[in-house]
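Naming follows writing order (A, B and C), and every chain is counted from residue 1.
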Amino acid sequence: MELNRRGFFKVMGATSALLSAGMGKARAAWVSKAPPDPYGCLVDLTRCVGCRKCEEACNDANSLPPPDIPFDDPVVFETDRRPDEKTYTIVNRHSSGKIDDRDKLVPVFTKVQCMHCQDPACVSACIAGALTKKENGTVHYDAGRCIGCRYCMVACPFEIPAYEYTNPITPKVQKCTFCFDRIIREGGKPACVAVCPVEAITFGKRNILLVLAKNKISDLPAKYIQHIYGEHEAGGTSWMYISDTPFEKLGFTKVIPEPIPRLSETVQHSLFSYLWSPALLYGLLGGIMWTTNKAKNKDKGGSDASS
Amino acid sequence: MHHHKPCPVNAKFWTPGVIVLSVLMGVAFITIAARFIGGLGYVTNLSTARPWGLWIGIDVGSGVALAAGGFTTAALAHILGRHYYEPVVRPAILTAALGYTFVVLGLIVDIGRSWAIWKPMFFWNTNSVLFEVAMCVMFYLTVLYIEFFPIVAERFKGNVNFKGFLSNFNGLIDRIITVIDKMLGKIMWVFIIAGVVLSCMHQSSLGSLMLIAPTKLHPLWYTPILPLLFLTSAIALGYPMVVFETTIATSSLKLDSEMEILTPLTKITIWLLGLYGALKLGDMFYRGTYVYLLDGTYQTNSFLAEVLLGVIIPWFILLSKKLRSSRKWLFAASTLIVGGVVLNRINVFIVGYQPPVSKTAYFPSIGEIAVTVGLISTLMFIYRLAVTWLPVLNVQVKEVSDEK
Amino acid sequence: MKNKNIKTILLVSFSFVLVLSITSATPQSAYGAKTPKADDVSDNWIAEDQAKASKRAAEVVPFVDKVVDECRLFRQQKLRKMKLSVNDIDNSYFLLDSPIINKEDDQYGPVRFMHSKHAASVGDCSACHHYRPADENALETTRCSACHQESFMSDHPERVGLKAAYHLQCMGCHQEMAEGPVDCIGCHVKKVPDHADFVKLGVNPGAIEVTKECLRCHANAGEDMLSSVHWLWEGPSPYTLCKEKKINHGKRSTAINNY
C-alpha cells in the first residue's frame, strides 16, 4: 500500500475545508424543532367517568379490530392495561386513596395514548424518518418508510409505540394518530375528544390549553394538584393532564423536564456535523501513515512497501 | 529457522466440532424460517416495553464490538507502521468481515420489514444515531470486503481453474482479478484509513444509541460519555479478541501459537484497557452512581461482574510480564476482556434497560437463543472454511522465503 | 290444595301471555323503529307534550356571549327572593336533544327530562340556572343551550359544550345527591343498530337455529345467561303440581323447561 505526497495533500486539503465548515455548525447549541403553535388536548382527570367511549370511538375511527372484552364491560378495569397494536388508547381505573360520603373508594380514571411530544424522541430516533412531527402537533407515522427496527419504541419515554409482532412481513408500528386526518379539517376533533360525554378532554391550541389549565388550577387550588403533566415532561407534550390526585399514584411515569433527544442530538451533531471529525481523523491518520511509510521507505532505500 | 507465511490450512474439514456447528446452523435456519412465517412474536419474547432483545444485544451490539480486531490491527500494522504485527491482520480482517456480515444478517432477521432494509439509504434522518450506525456499517462492510479481496486474489491469481464450459473464461477471470488486485494495491491506503475512521464513528455511535433513553437505561450505564466508553472499550477489546480467536484457531488447527506476536500485542492493551477502565470508573465517581453498587439488584451485580471480571482482573493479569508470556494466562485474560465487553453490551442493551412504566421483564426465548447461537456457528463455520481454502492463517513453511 | 294448583296454572298462563306480548312487541319497538309502516296509524301517533318537546329540542337559540358573574350563594338567595318556583315553569317536560349534540355521533336516544319534577325535588333553581345572561332584558333563567353550544369555542375556552354541560350537570348532581342514575342507560335508550342487516336466517327457522344465530354475535351474553339465576334457579316448590314436597326443584335440577 502506498500513500504518495499528492494523495496526502489532497486529503489534508479536503480535511481543512470540511473542518472550518463543520466546527462552526457544531458549536451551535441544540435548537428545539417543536412546532410553534400546535394543537393539543388537555385531559381533566377529575372529569373522566370511565365510560370508555373514547376507546370505542378510537377503535371505530381507526378501523381497529374488535376488542377482546366489549367496550361496555367494566371488568377490564380489574387489570392495568397499556395501549397495544390493536388499541391506540385505553382507560385505566386507579384509586385516589380517598373515600366518599358513602364509604366507597373514589376511582380516578386515566386515559393513556401517545402524548405527541413537542420534541419527540421517536422522531429523532427513527432511522428512515418514518415518524415526523407535524406543524399541527401530530407525531405522524408513515409505514412506507418504516423498516421495523423498533428504535422508536426504545426511545419513547412513555412506552407508547406498539408493534405488530405477529405480522411476519409487513408489521407496522401502531400508536395514536391524533386523528390526523380529522384535525387537519376545519373544526375537526380527534374521535375520542368528540365522543367524550363530559368534555374530560379539551381540544385546542396547546398554548391556549396551558392558560386554561393554569386558570383551572388557580381557580380551584384545593381541588387540583399544582402540576400540569405534559407542560414540561419530555420538554412538553401536546397531550396534557390535570388531576386532583398525585400523578405518581395514577401510573404516570416521571419523565425528565427536557426534550429527550437533546443529549443524543447534541452529541451526534457536535461530532458529525459536515463530518468534520471523521475528516479530521482521516487526515490525521493519513498524516501518520504517510510519515511512517516515508520513514520505512528511507530505511529500505526507497523500495515500495506493498501489503 | 522456519519462516511464517499465510497459507491455506490443509487440515481435515469435517471434524466433530464442525458437525456440531452444522447442526446448530440447521436449528437456527428452522427458527429463522419460523420467524418469517409466524412473525417476530412467534419466536421471540419481545414486547412493546422490550422491543430490543438478545439479537440486538449480542448479534449487533456485541458483534460489532468483537469485530474491532479488524480495525485495531489494521491501524497498528498499516497506519502506525508496526509491520511486525502483520500476521494477525489477515485473520482479524476475516473475523471482522464475517462479524459484520453477520451483524447485517442478524439485523435482517430482527427488523420487522427485512425487505425494506435499503430504505434508510434514500430516506435520511441525520438526527438518528441509528441512521449513522447503519450507514457506517454499510460502508465499513464494503471496505472490509475490499480489504479482504487481496487474500482471495492471492489464492486465485494464476490459479483460476474452472471446469467444463466455464474453463473458457479462466484466462479472462484471472486477468480481471490481477488488474483489480493491482489497482487496489495502489489505493488500499484509502480503504485502510477509511476502515479505521468508519469503525471509530459507529463503534462510538453504538453507545450513543442509548442516549435517547435517559429514563430507561440504568444510571450505572447512562452517561453522556457512553459513546466514548463504547469506542474505548472496542479499541481495548481489539487485540484481546485477536488473541482469543488466534489461540482458539491455532490450538484447534494445531498451528504455531504465535505467542511472540500476541504477547507484545497485549502489552499495548494494558494502556488501552487502562484508559477504558479509568474512564468508566472515573465517570462512575464523577456522577456519583457508585451509590447503587451495593444495592444487590440484578443490574448492579451485572455491572460489578462487568467491571471486576471484564476490566480490573484481566488488567492486573496483563500487567504481569510473566503471566502475559504464558499462553494459558494470556488466553484467560483475553477471554475475560472479551466477555467483559460482551457483558457490557448486553448490560447496556438488555439488563440495564428498564421500561419505567410497565416494568416488563425480559429473558430471551429459546428461538432467540437458537438464532444467535446458530449465527455464531455459521460465522465459525465460514471462518473454518475460509482458513482451509484461503491464505489467512500463518502456517510454518519449510521452504526459504525472501520476504520477512 | 286445589286452589293452589289453580293459582299455579294461572301464574303459568299469565307468564305465557307476558312472554308472548313481549315477543310480539319486540319487532316494532326495537327493530322496526327506523322503518315505521306507513299504513300503521298507531305508530305515527305522538303525544302532544312529546311533540312540543321535540320541536323545542330542535331549536338552536342565539348564543349568549356574556353572562353576569355571580357567586353561587348570592344567586341562590337572589332567585329565592324572586320567589321563583315550580309554578313559574312553562315547560315541565324536555327532551335533552339538539342538532348541536348530534353532529359527531348519535349512539344514544335523547334523555327525557322532567323539568318540574326536578325543580320540585331540588327546590333550588340556581343549581342548574347557575348564571344569567348579561343582557338585562333577558329572562332570569334561560335554557342550557343558550350558553352551552359548540365545544371548545376559542373565545370561551372555559365554557363546556352542550353535551358536556348536560352530562356534567346531571351526573354531578346525581352523584352528589346519591340519587338518580349515573350510568349511560340509566337515562338514555341505546340506539340498537338495525339487526335486519346482521341476522342471517333461512325461511321458517327452528328455535335452535334462532338461538345459534343470536349466539353467533352475542356469545358472551349466552355464556352469562348460563351462569345466571334464569338458568340455575332451584328451591322449594310447594305450589307446583306433583313437586309439592321437593326442596330443590328448579331448572338447575329437575325442571325441564320454562314455565
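Just so we're on the same page, contacts are C-beta pairs under 8 Å (C-beta built on N, C-alpha and C of every residue); 3 or more make two chains touch, one makes a residue touch a chain.
Source: prediction; values computed, not measured.
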Chain-level touch network, classified as line, ring, star, complete or other: line
Most extensive contact between chains (C-beta pair count): A-B
Most distant chain from chain B, judged by the mean position of its C-alpha atoms: C
Rounded Å distance between chain A and chain B, as computed from the means of their C-alpha atoms: 32
Whole-Å gap between the CA centroids of chain B and chain C: 70
Averaged-CA centre spacing for the pair chain C and chain A, given as whole angstrom: 43
Interfacial residue positions of chain A with respect to chain B in the complex: 1-3, 7, 82, 84-85, 121, 123-130, 145-151, 153-155, 157-159, 161-171, 251, 253-256, 260-261, 263-265, 267-269, 271-272, 278, 281-282, 285-286, 288-289, 292-293, 295-296, 305-307
Residues on chain B engaged by chain A in the complex (per definition of touch): 35-42, 44, 46-49, 51-52, 75, 78-81, 83, 107, 110-117, 119-120, 123-125, 127-132, 134, 150, 185-186, 188-190, 192-194, 196-198, 200-201, 204-205, 208-216, 224, 227, 353, 355-358
List of chain A residues in touch with chain C within their complex: 47, 49, 51, 57, 70, 72, 101-102, 189, 194-199, 202-205, 208-209, 211-212, 215-216
Partner chain A, residues of chain C touching it in the complex: 104-105, 151-152, 154, 157-158, 160-161, 163-164, 167-168, 171, 178, 182, 184, 220
